[in-house]
Each structure stands twice: as structure tokens, then as C-alpha cells.
Amino acid sequence: GPLGAEPLRVGVLRLTSSAPVFIAVEEGYFKEEGLSVELRFMKSAQPVAVALAGRDIDVGATGLTAGLYNALAGGLDARIVADKGRVWPGYQLVGLMVSNEAWDKGLRRIQDLPGRRVGVTQIGSTFHYMLGRVLQKHGIPPSRVRVTPLGGVKNMMDAVATNRIETAFMVQPFCSVMEARKMGHRMFWVSEHLSYQIAGIFLSGSVARQKATALSFLRAYIRGCRVYYDNCLQRVDGKEIRGPAFDRVMDTISKYTGRKPDLIARGLNYNDRNGVLLAQDIGTQINWYHENGLLQKRPDPAKIVDTTLVEKALSQLGP
Amino acid sequence: MRTVVEGVSKAYDHPKGPQTQALGRVDFAIEEGEFVALVGPSGCGKSTLLNIVAGLLAPSTGRVRFHGASLNGRPRTAVVFQDLALFPWRSVEGNVRYGLEELGVARRDRRRRAREWLALVGLEGFEAHYPHQLSGGMKQRAAIARALAVDPGLLLMDEPFSALDAQTRMDMQLELSRIYEATAKSVLYITHYIPEAVFLADRVIVLTGRPGVIREKVRVDLPRPREERIKVEPRYVEYLERIWGLVRGVGGAAEGTGS
Amino acid sequence: MRTVVEGVSKAYDHPKGPQTQALGRVDFAIEEGEFVALVGPSGCGKSTLLNIVAGLLAPSTGRVRFHGASLNGRPRTAVVFQDLALFPWRSVEGNVRYGLEELGVARRDRRRRAREWLALVGLEGFEAHYPHQLSGGMKQRAAIARALAVDPGLLLMDEPFSALDAQTRMDMQLELSRIYEATAKSVLYITHYIPEAVFLADRVIVLTGRPGVIREKVRVDLPRPREERIKVEPRYVEYLERIWGLVRGVGGAAEGTGS
Amino acid sequence: MSREGTVVRDKAGFLERRKDRRLGVLTVLVVLGLWEAVGRSGWVSPFFLPPLTQVLLSGWEITRSGEVFSHLAASLWRIGSGFAVGAGLGVLLGVALGFSQKADDAIHPLVAATYPVPKIAVLPLLILWLGIGEASKVAVIGLGVFFPVAINARAGVRNVDPLLVKAALSLGSGRWGVVRKVILPASLPMIFAGLKLGVGIALLLVVTAEMIAAESGVGFLILSAADLMQTTRLLFGIMLLSGLGLFLSWLLGRVERKLIPWRG
Amino acid sequence: MSREGTVVRDKAGFLERRKDRRLGVLTVLVVLGLWEAVGRSGWVSPFFLPPLTQVLLSGWEITRSGEVFSHLAASLWRIGSGFAVGAGLGVLLGVALGFSQKADDAIHPLVAATYPVPKIAVLPLLILWLGIGEASKVAVIGLGVFFPVAINARAGVRNVDPLLVKAALSLGSGRWGVVRKVILPASLPMIFAGLKLGVGIALLLVVTAEMIAAESGVGFLILSAADLMQTTRLLFGIMLLSGLGLFLSWLLGRVERKLIPWRG
């Protein structure tokens, strides 16, 4: 069980979007709450859910994929409680890259996409969702674009750069890297079209029910979010304002992700300052996945989302 | 130990085509301490019969029984196979040691006994060789040493000297004779060389062509110990001629007349 | 075709321990159409020599040369191996056909010729059997048919009749003799059975014990065609005794006196 | 001892093999039954191990809709071509390495070094060379099949009795005749063991191959079900793959018995 | 024909094997040289194929920092234990199936059916049963090694000359003695081919195993390098894996030569 002397096991990916968790560990916020937290690093969203179901972890922090919703609909006992990263206007996290060849042949606008292939990591991944929503906004039926799973971001970059696929999604900083090295062209940033709760924190059912533990965890987590936001995400007139602890935060992220600080700084993703979840977006996601046949059963958002814990934690923390 | 072969026959199945009736019905006994030689034309079922007696092949009809006191610390039968069947992954000495290991002989004794038997068959100096490094006759002698080493109640030998030159063959005959007389074990001995059958055996069983049945059992009343000079005795020559006649009477080479 | 063996010797390496000097230096020739028999004690290097002549083993010293007209449509040599070396995945007929295939004989002829040779060695009815379904003597006869079928310039036979019963052996000797006389091919024939050497050969080469060197070459002046009754002629018996003496003079069975 | 004496029993009887198919069917049924029981027992979450019947039900749905057949066809094509290429080249190289010590000296270290390279890591390179379409998928499967077949063929050839090679040489075979008529048949049992391993690997790798740019196939079915955490579909996909495996190894077994008639 | 006649040449000389290590080193060097050349030529972007020297340089960095050794140690432990378990059970089952037709009838269909189940798909189940720690990783590797070893051992046993079994029986061996003293040595060449395949599979699977929740290991190195788009590190990881493969197959080769001294 997660209570008492036993550590709270947190399944997390080595990504920049997990920065609040890393900060809370490094700055000792969990300790101050009397929590001993053990990070379990996973390679993708799927094993996080598996580990949660197998009671190998108590908290998951990863992307909100169709797989997770399927697991929740299939009886995985967990609650999505907090934000862990959004696609947000003004912040450039994910872009659609076009291969040089396709670009030269005139593939430059979203309206040109029908009939072309778009590389994503996996079926039902967040990339798949973003593509679907962007197309939806432009009134293009999803069936007219060939969604092509490529397994991983490295494959996606390789495929675009070698003209093996017309387009594929890419994350920062590699969108910029590819442009700089003339390995492809960017068609758009997803955040130009979409506000999207891409990742979340979810608690196993038993932790969620042990309110005290859950609140301790969230308080520490929110403090991490605030440090991250205040030092890295502040903007004035669209210009970055770096906080005093910026370098320290970069070092922390670098320590956990293995990426060089200057690369991290080029691809900082947006997290809510208070860890608040875009609750209604969860419903939108579930609907879209369901409509597109990626969710067999529709989980009840009311049962899988719990925003009250964060609200309570916030009221305890103060502004 | 007495061995009784009762109504044994064998037919081999052949996937395409008819069965091969290898051996007709044969009945005979090998008395305790008796040396029985089996002669008969190629393909008449001698090896088949020997395998059945060794318990390595199920007869189509009949059965084989052993009677007599239990054999302490030695196996009921040991076989010198026509195809030798030496273990290619064991040295010559390792092959001879095999049966001793299975009998639970102490490690040191195994080595000593294996070397003794190898010396007896003229293979000293080749203990560490592997079978593929031996000449045909040497392989055969290694296989003989392997069977003799376990000191069985009944020794089954399938043309054991066929690959030996005349001189070595005579030496080995004398050696086998000496061992037999010293240990009084029973022997069933297949040979296609009639002088050898007469020289060694107490009784010679002559089989007909395929399917082999017993044409005649000839008791060889020659004094023991058998020595080389026996071969010039008139009685010996008489036996030779009699058995020659019986074998010839069988008819064409591989063509059995049945029975 | 004339075959010349010049200063050939062979030593085998042994990873642990000293080399085995299998064969000393030997020099001899097999004239066109000559039948040469090779006798000598077990392990004296007969098979080694035969393999060298067949081009299947490199000699340590010396060389083998062939002289004479090219052989149209037939191979220089064919071998009956002491260990037979039948292909287990081919039926008896398939084994005999092998060499004919390699010679490019037409498919229909291959079948006919294979069956003819199998009939000659008394294996009709067993064409479709696989080697493991044959008796020891039958395997040997299949191997003989396989070598004869290719009609080689020089036939190399390593104790080809050792697994045959006396009657079949005599029949096969006569058959071989007949074939030899009809086709006038050269033959190098290893046997440990001296009467057979004398009966078949134009010349008998007697080797000493290991390492084998030539003790004597004996020309056998008996009339051809050789028939069974030759065996009672006094000259035949004289040859027998002379060669017996030469072989015995070698000393102990496997112990070479060197040279 | 009794008057009856001891009757000799056939100690080597077990060497004679009489196949009994019913036993195998029985074990498979028992395993499937256990699965159903565990799935229904509630010991494990149905999210991980839904009962067999539920899996079959979800399978029936996509079978009825015909979807399954397009997946099967796509995968079979990839497996078939990959297997053919990989096994063909594997036998060729394996025999060459087994036969020629020179070739072996030169190439075997390379084979041993490249064999453990994870196929997933090679895919990007293959895509670079062969494009994102079928060719790179077939190539990945071919690569996977290639190694076990080559390694087994090499071992098989090295294991051939040299005496049989000598017999063939003495009967006039050239090197090529020896390879074709002695070495190949003699190493067939080992090559077939390699092919059986290759079939399994091909089926495994179809999942890897269809990780990239596949829009159909059993591997695609399995992967997308795994990504979507649709356990019933996932298990149905695995059952399909197993079924394919059983079918292909049965097929190989038949071919083997045809080609190796000399052992009982 | 000339007066000299035709000198007989040794047709079977190629059967004698004389190993020449230098050739293998040469080929590997040539391949590495080609890699460097292609990497420097600019034909392909260094993002896919950075030149060898660059890869070695990045390797040298993590070697100097000692990081590599912790990765190697972690992977070696997983490979070692997985291999030991899988190979041990594989030999046991393979020999049992090869020996007893009954056992084979009962179990072989199951083996053929479970073999093609993709290991990636089994991982979630293993995690559920064994937890997310080392046990599930070792189990996946063990499973992967198990199959080639079992299949080859089975084929090896079925291939044993029945005459040798008869010889052993006639010399007083029981079933167990036959297995230990005849069937095992006679099928060793085939079992070793299976073990060699197993080594390769273990190395492949360590990447799969370290796909979930690993914090060290060569597979982790490769996968995280791919995530981070660090091609040089990725390739260095693959080279490490290859090196491990070479080392382990060299080791197996030595053991094999120790255990199979009867072939030259």
C-alpha cells in the first residue's frame, strides 16, 4: 500500500513535461510533505497503465492516449486528477513537418493533406488525436488522410528527412533542428489550432481514496508546477521572461531526461501553473476517440476525472 | 545362465511394398556355458535374431527367456554389433569404460580394466584415439574389448572378426577361446566363416536362406582347450565338410528356399 | 590406364600425443588391366593407401600418377569403402544410380543399369529399401554394385566381401573375376583373406605391420578365366602357402617390425 | 529364479515412433480451458486476461466484418516473401560457410556480430534504403529468418560425415555435386529445425515490421490493440498468429517428411 | 597424355579445416571502413549514419565516465540469468520431447503455438505476474532463449543414430543413462547451434525487456538514445550489443570445442 513508511511509487517518462515532478523531488517538496516518493521510469504511456493495474506504481504521469481511456473503460481503477502538460497557444511543442520533396511539390497547407500520409507514433496516440482535431477544424474527414504509425519519433524524423513519407509530426526542439538542417519544412504548430490537455497525472484508485496522501502529493506537485511556470513559461508580449531559477530548473530537467540544457530550453512545453486539468477537454478527447473507433466503450468522464483533489490542495496552498 | 529362444520370428514392415519376412520361426536354447555359433547366408536374419536375443528388437512372434542364477555385478548380455556402433565422442578407452561405468565399477578399476582389455585385443597405445582415427580392424577390436569388458552372462557377437586379417583373426580366435574356457560364459556367435564356427563352438546352428529357419544343429565334439593344431585333425575337417554341405544345400546365395 | 605409386607414405597427426606413422614409403605400379591384391596385418595402412590412390587423402610424401588414354564417359577410379559409406537418404537403387547421374547417363539408362548391377549382386527386390533396412552383407553388396556401375578405369576395393557368408563370397569372387576378365579394367583389391587374394589377383603385394612397407610382391601365374576348380590345383596351394609364410613372417598381429 | 525364467523385453521399443495426434489436441484444449477458467475466476483483472470466450467473441466480430481476412492476407504475404528471401539466403550462406573454411573464417565473425543487432534498430536504415512500403517490411522479416536458418545450416553442414563426402567425390561429384547431393540432404534435419525457428521468428517479426507504416496485417492488429490497450483484440491477434504458427509448422513438417523419407 | 601422366590431387583436402582468424578481422575492418567512408561521404545525413569515428568518440565519453560499465553490468546480469533459465529449460524440454514420442505428441503442438507469440505482447502479462522489476525482464529473455534451444535440442535428439542408443542399452544403460551419455553428446552440435541462436535472441530481447521501466542497461542506452535522437549514442549502443554478441558466441565456441573434442 502507498501509506505509512512505504514510498509512493510514481511512474513517469523522461520528458520535459514531467518537469514539475522532477522539481518537486529535487527541491524536497515531497519530503516536506512527509512523503517518500520513488520515481519509476517508463518508456511509454502504455506500461504506465499496465504498472498501475499491476499495483507496481501508485501514481502515473504521462500522456492521455486512447490506450489509457480504453484501460479506464475496461476497469483500470484510477483517476485523472491534474494537468501534466498542454498544447497551448503561444507555446510551440508539436509541429507537423513536411519532407523537402513533398514541400517542393506544393504540399504546404492543411488543405493539401488529403490523400497524403501523415506519420504519427502509434494508432491512438496523442499525435493521432491532434491530427484528427486539426483536420476536424478544417472540415477534412479523417478518412481522407492516411494516418501512418511509425513507432517512434526518431523513425518519424528519419522518414521525413529521407523523403520516405510526406509529412509527420515532430516535437520541439527537433522541429527547429530539422528546419535548421534543411531536413524538412514545418507546416504548422499544433498550438496554432488547438488547446489540448495532452498529458495528466493520475492516481490509482486506492491512493485517490486515501485523501490525505493524495493531497500531500498534489500539494508538492503543484509547488513544482509553480516553480516551473514562474521560471520558464512567463511571457510578456510574447517574449520569454526567464525566472531567476531558470538554469537550476534546466539542470534538474537535464539530470532526469539526459538532454542537454540548451536543447531543453528550446522545447519547453506548457504546464498549468496550478496543475489544473482542462476537465472538459477530457470529454472532448473521449468523444473524438470514440467516434473514430479507437475507443470501444466510452468511459464516463465523471468517474475517471477528479478535479476536486487539486481544488482542495490549491485552497490549502493558497495562491 | 540358460537362454531359450521359443518360436521367434520377425517380419519387417516396409512403407512402400510388402513386409520383409526376415526370420522364420526358430527354436533353440543356449545352455549355461555353451558356445553356439550361428551360420547362414547373407540376409537370412542372423543379426535380426541376435538383436532379439539382446532385447533390442521385438520379435513378431515368440519370445526369449533367460533361466538361471542372478548375475552379480555383471549384465545379462553384451553385444558386439555388426556395425560396431562405437561412440564417436568417446576415445577408444572411453568406449571400453562405458559398460564399466554403467555397472558402477570404481573409477580407478574402470581405467585399469579398460586398459587390460585393450591390450588383450592389441590396441595399447591407441587408448586416446577416437574411433574415426582407427583402421577398420582396430575399430572392430575396440568393439570386442568393449563387450568383453563387462563380463556378461551371455556374449552376443555378430561377425566380430570379419575385418581382421588372417593372422590377427587367428590370434583373436585363440584369445576368445581362452577367455571362454576360463570364464565359462555362454556365447552366441554369428560368423560366415565356417572354420571359425567349428573351431570355436560347441554347437553350430545352420540357418537356411531368407526367411531363415534352422536347417540343422550340429554338435561339435572337439576337445577343449581348443588350440591351433586342432585345425589339422580329421574330425575337425569332417565337421567343416559337413557344415559346408549343409550351407551349400541351402541353394543360391541370397535366395532362400523357405521351409 | 596405368597407375604409379611413388614413394608414398602417410603420418596422421594426433592432437594429444605423437603422430601415427600409418604407412611407410611404398612404391609400386598397377599396370593397365592388372588385378593387384594388397594384404597385410590390421592397421598397417592399407585403407590409407587406397584413399591416397583414390585422391581422397593427401600423402605425407610421394605421389600417385595415372598414365594412359583418357577414359571416355567413365571415371578414373571408383571405390568400395571399408565402411561402405552408402548414402542413408538414398534407396539402394538410388545409391547405385548416384555415380551414373554424375556421369551424365540418361535417366532411363541409369535405372536400367542400376537394376542390372543390383541383380548381379543378388539384391533384386530390395531396390526401394534404404540402407538401414539391409543386412550387413546386403549393404556391402549394394556398395559393390555402386562402384561397379560406373565402370571405372581403376577399381579400388577395400575388403569388399568381408561381411559375406562363404557361399555368397565365392559367388561374388567368381562374378568379380568374370567382370574383370570381360572388361580388362585395373583393380586394386584389399583383402585379409589370402585365398581370395590368390584366386583373384595377378599380383599380390604383401605389406608389413604398421608402418606398412612392402615386404614382397608376388606374381600369381594362374590361368584365366579363374574358376572354382583352380582352388585345388597345386600351384594355387603353393601360392597360398608362400603368401601365408610372408604374412606370418611379419611377426605379431598388430605389431609392426618397421623396416 | 522362477521356472518361467525372465522373459526378454524389448528395451529399444521406445525408438519406434508412433504419432498420436489426439494428445496434442488435448493439451491445447486443456490450456485453453485453463485460460477460460482463470479469466472467469476473477483472480486476474479481465483487463489483462479476459476469458477465452470473450476473446473469441471479439474475434468473431472482426471476422464477420471481413476485416480479419485483409489482415491475414497482408501478413501472410509479408511473412511468405520475407521467409522465402531470408530462408533462401540463409540456406545459401549457411551451406557456404559450413562448406568452405575460408568463407567461414571471413564471414562468420560478421554474422555473429550482426545477428544481435536489434531488428527495430535496423528498420530506419532499411526504410532509408527501401522506402516505407512493403519492401522494408519484407526485408526485416527476411533478416530475422536469415540468421537461424544460416546458423543451423552451417552447423548441419559441418556435421556431415566426411566419409559420405568422400564417397561422393570418388563417384565423380564435383564440389557443387557434393553440396547438392550429399551436404544438402545430410544437413536437411538441421536445416528444417532452422526453418521451424525461422517460421516462429517471421511471425514474431511481422509485429515489428508492421510497427512502421502498416495499415493492415495481424501485427498491425496486435500492435494497435496493444497501444489502444484493447486486450481482447490483442489476444485474438495473438491467437491468430499462433494459429498461423501451427499451420506453418504443420506445413513444414509435411514437407520435411516428404524430403526426409529415409528416417522411418 | 603426357609422359608425366596425371598426378592425383587430393580431392577431399577441403574437408580438413584450418582456422584463420585474420580473415574475419579483415572483413569486420572492411565493413567498419565502409561505414566510415559512407558516413563521411555526405551521401547520407550524419543524423542517420554518423561516421564510425564519431560514434566511437561518443562511446569513449560514456566509457570514460564509467556509465557504460553500469549499463553493461545490468544487461549482462539480465542476459545471463535469462539465458541460463531459458537455455536450461529449453534443453530439458527439447531432450524430453525428442526422446519420448508421448511427451512430444502432447507438448509439441503447444510449443509450436506459443512460439510465435510476440514477446512484446507477453510483457504486460509478465509484468502483472512478476512485477515491473528484474524478474519480468529476465523472464522475457528466458522465454526468448527457451524456444530455439528447445526446438534444436528436440531435432538433435530425434537425429541420434538409433544404433548408438542400442549399443548403450546393451551395455546396461537405463533410459536416463542413454539420455545423459548418448543422446546429449550426440545432439550437442545441434544444441550448440540452438544456444548460439539463443545468445542472439537474448541480446535482441534485452532491448525489448528494457523498453519498460529500466534505468540502466545497453537496451536502455539504445532506446533512450533513440528517444533523444542521439544517433551516435544509438549506434554506439548497437555496437556494444554486437560486441557482446561476438564475445558470447566466442565463449560458446570455446565451450563447444571443449565439449566436442571428437571432431578434429
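Odds and ends about this structure:
Letters A, B, C, D and E name the chains as they come in the text, with residue numbers starting at 1 for each one.
Quick note on the criterion: a contact is a pair of C-beta atoms (placed from the backbone, for glycine too) under 8 Å apart; a residue touches a chain by one contact, two chains touch by 3 or more.
Quick caveat, the model's predicted, so the values are computed rather than measured.
Under the touch definition stated at the top, chain A and chain B share these contacting partners: D, E. By C-beta contact pairs, the most connected chain pair is D-E. The geometric centre of chain A is 40 Å away from that of chain D, both derived from CA atoms. Between chain A and chain C, the centres computed from C-alpha atoms are 84 Å apart.
The geometric centre of chain C is 47 Å away from that of chain D, both derived from CA atoms. Spacing of chain D relative to chain E, judged by their CA centroids, is 16 angstrom.
Of all residues in chain E, those that touch two or more other chains are 11-12, 48, 124, 128, 166, 169, 226, 234.
Touching two or more other chains at once are residues 46, 53-54, 154, 158, 162 of chain A. Shown for chain B are the residues in touch with two or more other chains, namely 55-56, 83. Touching pairs of chains, sorted by label, consist of A-D, A-E, B-C, B-D, B-E, C-D, C-E, D-E. Put simply, chain D touches chain C in their complex at residues 161, 163-164, 166-173, 177, 181-182, 185-186, 188, 260, 262. Chain contact summary for the complex, chain B toward chain E: residues 51, 54-56, 75, 77-79, 81, 83, 85-90, 98-99, 101-103, 130, 132, 146-147, 150, 156.
For chain B in complex with chain C, the touching residues are 12, 14, 16-17, 20, 39-43, 45-48, 82-83, 122-123, 128-129, 133-138, 141, 158-159, 162-169, 171-172, 192-194, 244, 247-248, 250, 252-255.
In the complex of the two chains, the chain D residues touching chain B come out as 1, 3-13, 261.
Taken together, the chain E residues at the contact with chain D in this complex read 11-12, 14-15, 17-28, 31, 44, 48-49, 99-102, 105-110, 112-121, 124-125, 128, 147-148, 151-152, 154-156, 158-159, 162, 165-166, 169, 175, 189-190, 192-193, 196-197, 199-200, 203-204, 207-208, 219, 222, 226, 234, 238, 241-246, 249-250, 263.
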